[in-house]
Every structure is written in structure tokens, then in C-alpha cells.
Amino acid sequence: MANRTVIPFGPQHPVLPEPIHLDLVIEDEHVVEAIPSFGFIHRGLEKLVEKKDFTEFTFIAERICGICSYIHGMGYCQAVETVMGLEIPERAKWLRTMWSELSRIHSHMMWLGLLADAFGFENLFMACWRLREGILDVIEETSGGRVIFGAAKVGGCRRDVPDDLLARIPAQLNAVEDELRAITNVFRDDFSVRQRLCGVGLLSRNDAYDLGAVGPMLRASGVAQDSRLDGYAAYDKIAVEPIVEESGDCWGRTMVRIREIYQSFDILRHVLPNVPPGPVDMKITGAPKGEFFARLEQPRGEVIYYVKGNGTKFLDRFRVRTPTFANIPPLLKMLQGCQLADVPVIVLTIDPCISCAER
Amino acid sequence: MSAWTRILAAILFVLLSPILAGLLAGLDRIISARMQSRIGPPLLQPIYDLLKLFQKERIAVNRSGHFFLLGYLLFTILAGIEFFIGGDLLIVIFALALASVFFVLGAFAAGSPYSHIGAERELIQIMASEPMLIMCAMGFYVATGSFQVTTIHAQPTPLIATLPGIFLGMIYILTIKLRKSPFDLSTSHHAHQEIVKGITTEFAGPYLAIIELAHGYETILLLGFLYLFFAPWPLLALAALIAVYFLEILADNTHARLYWQWVLRTSWAFTAIVGAGNLILLHYLQRGGTP
Amino acid sequence: MNLFRKSPWIIHYDGASCNGCDIEVLACLTPRYDVERLGIINTGNPKHADILLITGYINEQSQPVVRTIYEQMPDPKVVVAVGICASSGGIFRDCYNTKGGVDSTIPVDIYVPGCAARPESIMDGVVQALDLLERKRKEKKTRRRAIAPTPTSEVPTP
Amino acid sequence: MNAPAQTYSEIAPERLLEAANAQRAAGSRLVQICCSRLQHFELLYSFSRPHTIEHLRICIPDSRVALPSISSIYGGSFAYENEIHDLYGITFTGMNVDYQGHFFRTAIPAPMAVPPVCAAPAPKPNKPQPQKEPT
């Protein structure tokens, strides 16, 4: 069996919901080399910024990716607002924080399910996705949409959330959190899950830093980096402690994400009673002129929006560097020498969002 | 058994097994779904699936592959007939092994990398499960002095009393044979897998139906093996079979898929300890009893 | 008996989309929506599938992939375009890398609206596809009887 | 906001490797490389330490100017460089992983190298015809 074979992995593959293609050179089920190819979802939406009005472009920014949709829209708006020197109303800032934390929880829970599916644990997949519906219910109640909810707007939020609804949400969240404990315990303690995660896809601290890993990837390798510390939206009034694991393997990354879910629940419990009264958006006059890099923390890691305006309604350049794009070099590093059975698990631990990466 | 009852048993096996296996699989899917807090498909779903597959278009990937699949089906049925007419257990095991080899050859002939890896893994699974099947036959022989299913079936005391270790080992390899987690390496019924559908990737429509059909016969045959342990008490046997099958579903729903190295290692270790241990102990006791 | 109505196996391919519809397609499989009630299995293997669910539009690189998947599926088969992007290109229609909706590459039978399409409407689309499957099988059978045994005759593409 | 200070500094293309080496010695992380098509091509290399973010700006008149790859210093930079090569047609020399123009396969070669049409409401129904890039 010791001859080399090349296995085409993807672009249509049941374990990967999204098209990415890897040519795996394998020898006895060990991956010698992984050669990825991209471009299956490349849309070129950055170029659209030259055809669409900068306020209208928010909708396209939200559709960079359907999973972290809200944070994309919000990050774009934040970059434009900084260029224009706008200070958005306080209530909008708190609502933005609320929605981005809800997005983080829903994204991480979805990811936990997909990971379980990748190592063949169907029951766990179903359990995670069942609970995720509870979070989607909250998102739907507050914004009207399930995954892409169009609540971001240059200058604030597109909708206000009534105070009685805000008061009701914590109880809903607590119910989800209670049930989630049982599931995350399985990820932490179950024998067969640990067999599949511990020591798989090791990424050392130095490699993670040098290759430019971001988000849970970087934090699971022991680097405390979290863009929420920069204090955008209402994060300057909330104490956020970066969650760090030292092991640097798939299990460590799972633990980082699980602990982040609970952290987000805590943040939401702090945010929801403290949303100040007032308007949620402001009138926009003029057009952006200047350039700015906005850094935000997505569920998948640090995301960067670059906006360059020329004083007209149409921006010169919009660029987004998504976390998945930054995590591709570390992924290739981890895939070398792993087992074929581990490929889906390792690919999933970067929480790949190919739509984000290819835009 | 007279010639006529034998023929009747053979016909009943050939006709009823697919229906029985279909119902069993349907129940399996419903119970799995309930474990996952879903409602699940109708009870007859596997039968609908099978009939639908026969109506699909035939895409000829490789003719020899299809010939091998027919061999797989034929030898599985032959093994089953030999078993249910009360024939020789060794012939049953050899026919079953031959059927598996046909299946693997069929997948190798298909020529896609996924089905190749699936076939390699299937070989490993055969390696993991075959020793236990042979040990089971040996156990029956040591306990009853015969390889004939009729003789084993006619024992006055249930064999579970003397062969508990062999029974445990058979349950273990049943998980492999039913393609349940953590042993769903070569292909898997529902869970998504890194090698897509593994060994069955390249077979479409009626050919996939043949595989499903053969798998159904194999399931019934293996349950027949387990029945022999309780032969004098049919009701207890039925209860035991239901309990075992439920256990398999439970294992499927509480485990991740593991590596082939792990599967090979543990199944050999487990079957060696419980199976061979049981055999040695039994042999020793019998000699001690009649010096 | 209309077996295709009872046992539709789906395969999902993500063209160039934003993922919103993809995760909704997956959500259909999970406890709240549970399409296995209708006998639907997400096979992930084109050779086993009856219904091709495509989300997102077609671009330069995904075009041959979509075509291959479609050709690998044995007849009868139905294509469901999920979401606005898959139907017409949607919000990304003006992008330089867009070839248009799924129907620019393969024949589409059912269009599911929405951005992102909700699980309910995806399920509705799939259920509408079920009747088509049986009809296509019958059409093919009568056609084959009419024009003698040419086993590789394809369903004409509209 | 207590966001870290962002500094922009312009350097000559020849000094790129030297500057990247200096960043690496200072312990910075490569955050991103962004190319913009204005009347000229403008590349922004962003480096970050925990509390600062520095952008190095490089301006080149057209895409025929080849730039040195910094992948020998920052191993992960190949992704950005391949992307810029495919979308803007700028050549990088000495990339550690070179996709030869197949990182993003687009219908038209170097689609983003077209300068922006500022302030025009842009009703552009004529889609560019696909052409194969000679490789």
C-alpha cells in the first residue's frame, strides 16, 4: 500500500459545506502534502464598491459571508464612520455589541456541530444545531432575519429593539446555556472525541504567530490576542478577557471556542440590561474622504476592513482581509503529515469560511 | 430436517430477509432519530429507498465491478441459505468471507480514489472481524462437538451459559459488520465521511441497491449467529437480539468515528481476550470435568 | 407507487454564495426542520443523489464542477436553485466573476426565493421537486419505448 | 475608542525587504497586504504589535514593476502576494508558494487592475467576455 496516491478532496465534499479543493498526496493514509486551490467562490465583490453607493454597499458587505454576516456589515460601517468622523449614538453601539455577540454564539455553535459531523458523531451535530436554533430565534425576534439580518447601517442600526424584548432575552439565553453545558461536556470529556482531537493538528506558538494565524487559532496556541480589546462599539465599557489555551491542537481550539460561547453569554448578560435609551441612527451628510483600517473580532478571528474614500458617493477601494484568509498558511502547515481521517477535522478547526476568504 | 423443510427454510430466508432487514433498518433510523431529538423517517423508508434505487438509471462505470457485486450478493445469499437450512457453519463463514472479498474487488475495479481507500479499509475491517467469526465456530464446536447448525440449534442448554465471551466478541464485531460508529470506516450509512461514501462511492442506482440488499442478508445472517446462543429459549433469544441491536444503535449515537489502526488493535485485543479466553477456559473445564 | 416521492436523496453544492443559504440547507437536516421525515437524506455523493441543491451563482471556476456533478447524477434527476444568487446572480450579478444563475450552466427545475432562503422555503422547493422526479422517470420510460433501445439517451434539456 | 494608533509611512519599493526585516526583528506580525488601483498602484503592508499597527505604503506606477516577495521573512505572505498577482497582475519575485496565476481563476485576467470609475452611476450591462490568460 505504500505507493503515493493523489486524492482530490473537494470542491464538492460532504464534510465541507463549502467548495475548497485540496489535492492530498497520501502515502498509507498519511498526508505527505496538501495543495489547495481556491477561487470557487471568488465573486470580486470588492470591485462592486465602485458601482454602488457607499451606504448601499452595506448590504453587499453583509453578504461577504452569511455566517458572520452582521459583523461584516458592522465592520464596514465602522470603517466608513471613522473616515467620515461620525460618532454614532450610544444605543446603536450597544445594540451592535449585542448582535455581534449573538452572531458569535450562533457561529461557534454551528461550528461545533460541523466539527462533530467531520469526525462522524452525528448525534452531537444534531444536538449543537438544535440548540443553535434557540439563538437564531433571538436573532429573528430582534432583527427579523435568521442568518443575514441586515441590521447594520452607516450611522447606526437599521432597527431599534424594544426594551421589553431586550428584557426578555436573558431568560431565553439562559435556557440555551443550560442545555449547552451537557453538550460541551461531551466535547471536553468523551473518550472517542478526545481520541479524534487531542494532539491532532499541532500548531506551535511560534508557527502560529509567524504564519499570521488569527482568532481562536492563535489563542489556542497561547497568544492572547483579541481585537475586542481595542474597544470598538461598546467593548470599551465591557471587560473582555482573551481566552487562551496552550495546547495548540484541535482540542485546544475547540476549548477556546467553547469557552468563548460562555464568555459571550456573560457579555450579553452585561449588555442587555445596560442598553441606554436614545436614537439608534443618525443622519448622514457628505461622503467619506480619507482612509481607515477597522479591526474587529469575528467568531473566526480578527477581520480587517480598509476603506479609502475620495469624497464622492463611490469609494475608491474597499478591502476586507478575513480571518480564514489569514489562517490558510497555518492550515497548510498543519495538514502536512496528518492522517487522511484527520483532514476534515483539521480543515474545520480553522473554522473555514471560504466565502469570506475569497469574497 | 427433511429435504422439504430445508427448501422451505431456504426460500423463506431469501424472500423474508430483505423485508425483515428493511424493517430493522427502518426501526434503527427511527430510534436514531429519536436519540437525536428528531422524528425520523417512516418505518418502511429503507424499503422505499431500495425499490427506488432499482428504478434509477444504470450508469455503467465498470462492468467487472458489477460482476463482482453480483458475486457479493450471491455468496451472501448462499451463506445465509447454508446457515438457515442447518448446514455447516464453516461453509457459512467461508462463503461470507468470499462475499466480502467480491465486494472489495468490486470497489477496487471502480477506480476512484475514494472507493480505493474504502476498499482498503474494508479489507482492514474484514481482518478485524474474521478471526472472531472463526473463533465463534470453534466455540460452538468445542461446546457441542459439531459444526452443523442443526446440531448446535438442538442443544438442550443455551450456549450463552458456556460461551459468554464468544457472545461478547460477536457483539463487538457486529458493530463493524453493521457499519456503525466508531467502526464506520469503509462506508457509512448516514454520517458524512472524509472518503465520501467510501467503498460504495462509485456504485449508483441498481448497483447500490444490490449492495444494500446483500447488506440486509448479511445482517439477518449475523443475527442468526447470535440467535444460536439462546436457541432453546426463543423468547429470550428475541429479547437478547433486540437488546443487542439497541446497544448497537446506542453505540452508533454516542461515538465518533475512530481510526483504522485503533479499530484493528482493539478488535483483535478484545476478541482475543474474551473469545480465546472463553475457548481456553471451556476446553480446560471440559477436560477437568471428564478427566 | 410513486417511490421517488418517498425517497429523495439530495446532494448540496455551494456555487459562489455567501454561505447564508448553505447553512440554511444544513439547518433543514437538523431537529427543528428534520427533512428525514420525508425520507430525504443528504448523501454528498452525486452518484447516489436524485436532487441537486445548488446555492450561489456560477463563476468561472465552479462551472465545470457543477456540470460534472450534474452529469454524474443518474436519471431521473432534478435541480433546485436555492436563493436569489442561484436563481439570477442576485446581489452579485454585477461582479466581474459572475456567469449568472445556475441556469446559465445546467437546466434548473425549481427556483427557491430568498436571501438567505429560509429552511421552510427550501423544504417547499424540495417537495415540489419530488413530483417532477416521478414525471421525469415516466417520460424517460415512454420515450425509450418509443425510440428503441439506446441506453444512453438523455432527457432533453430545455 | 481606545483603538491602537495607526501610522502610515511611505517607502520606496527597493526598501521593502529591509523594512520587512526590521518589522520582523521588532516582533511584529504581518496583518495584511492590500493593493489598491488608483491612478497608480498602491500597496499597503500592515504590521502589528500588540498595541500598534503600522502601514507601509508602496506606490508603483504600473503593474509591470515587479516587487520582491516577503515570504522568506513572513512565511504566510504568499497568500496575499498570490492574490494580488491574480487580481492586479503585479509580479512578485521569489514567493515560497507560487500558484502561477491559479490562486483565483477569474473570467478576465487581472480584473481589479482597471482603474475605478469615480462618481459615475455606472450602469454597466456589458459583461466582459471571458478570455484565457496565456500561461
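First chain written, first letter: the chains are A, B, C and D, and each begins at residue 1.
The rule is simple: a residue touches a chain if its C-beta (ideal position, glycine included) is under 8 Å from a C-beta of that chain, and two chains touch if they have at least 3 such contacts.
Values in this document were obtained by computation on a predicted structure and should not be read as measured data.
Asker: Given the two chain pairs C-D and A-D, which is bridged by the higher number of C-beta pairs in contact?
Answerer: Ranking C-D and A-D by C-beta contacts puts A-D first.
Asker: Any idea how many Å lie between the Cα centroids of subunit C and subunit D?
Answerer: 38
Asker: Can you give the whole-Å distance between the Cα centres of subunit A and subunit D?
Answerer: Whole-Å distance between the two chain centres: 24.
Asker: For subunit B and subunit C, let me know how many angstrom lie between their CA-based centres, rounded off.
Answerer: The answer is 35 Å.
Asker: From the mean C-alpha coordinate of subunit A to that of subunit C, what's the distance rounded to whole Å?
Answerer: About 28 Å separates the centre of subunit A from that of subunit C.
Asker: On subunit A, where are the residues touching two or more other chains?
Answerer: Within subunit A, the residues that touch at least two other chains are 13-15, 39, 42, 44, 47, 51, 126, 130.
Asker: By the touch rule stated above, which residues of subunit B touch at least two different other chains?
Answerer: 36-38, 190, 192, 196
Asker: Which parts of subunit C, given as residue numbers and ranges, touch two or more other chains?
Answerer: Residues 30-31, 42-45, 59-61, 94, 96-98 of subunit C each touch two or more of the other chains.
Asker: Based on the touch definition given at the start, go ahead and assign the chain network to line, ring, star, complete or other.
Answerer: Drawn as a graph, the chains match no named shape, so other.
Asker: Which residues of subunit A touch subunit D in their complex?
Answerer: The contact residues of subunit A facing subunit D are 37-39, 42, 44, 46-47, 50-51, 209-212, 225, 230-232, 236, 292-293, 295, 302, 304, 306, 308, 310, 312-314, 316-317, 319, 321, 325-326, 328-330, 332, 358.
Asker: Can you list the residues on subunit A that touch subunit C in the complex?
Answerer: Of all residues in subunit A, those touching subunit C are 11-15, 17-19, 39-45, 47-48, 51, 59-60, 63-67, 69, 110, 113, 125-126, 129-130, 133, 145-148, 353, 355.
Asker: So in the complex, which bits of subunit C are touching subunit A?
Answerer: 11-24, 26-27, 30-32, 42-46, 56, 59-62, 65, 69, 91-92, 94-98, 115-116, 118
Asker: Which positions of subunit A touch subunit B when the two form their complex?
Answerer: Those residues of subunit A that touch subunit B are 1, 5-9, 13-15, 29, 116-124, 126-127, 130, 190, 192-193, 195-196, 339-341, 343-344.
Asker: Quick one: which bits of subunit C touch subunit B in the complex? Just the residue numbers, please.
Answerer: By the definition above, subunit C touches subunit B via 1, 3-4, 6-7, 9, 30-31, 34, 36-39, 41-45, 47-48, 50, 74-76, 137, 140, 151.
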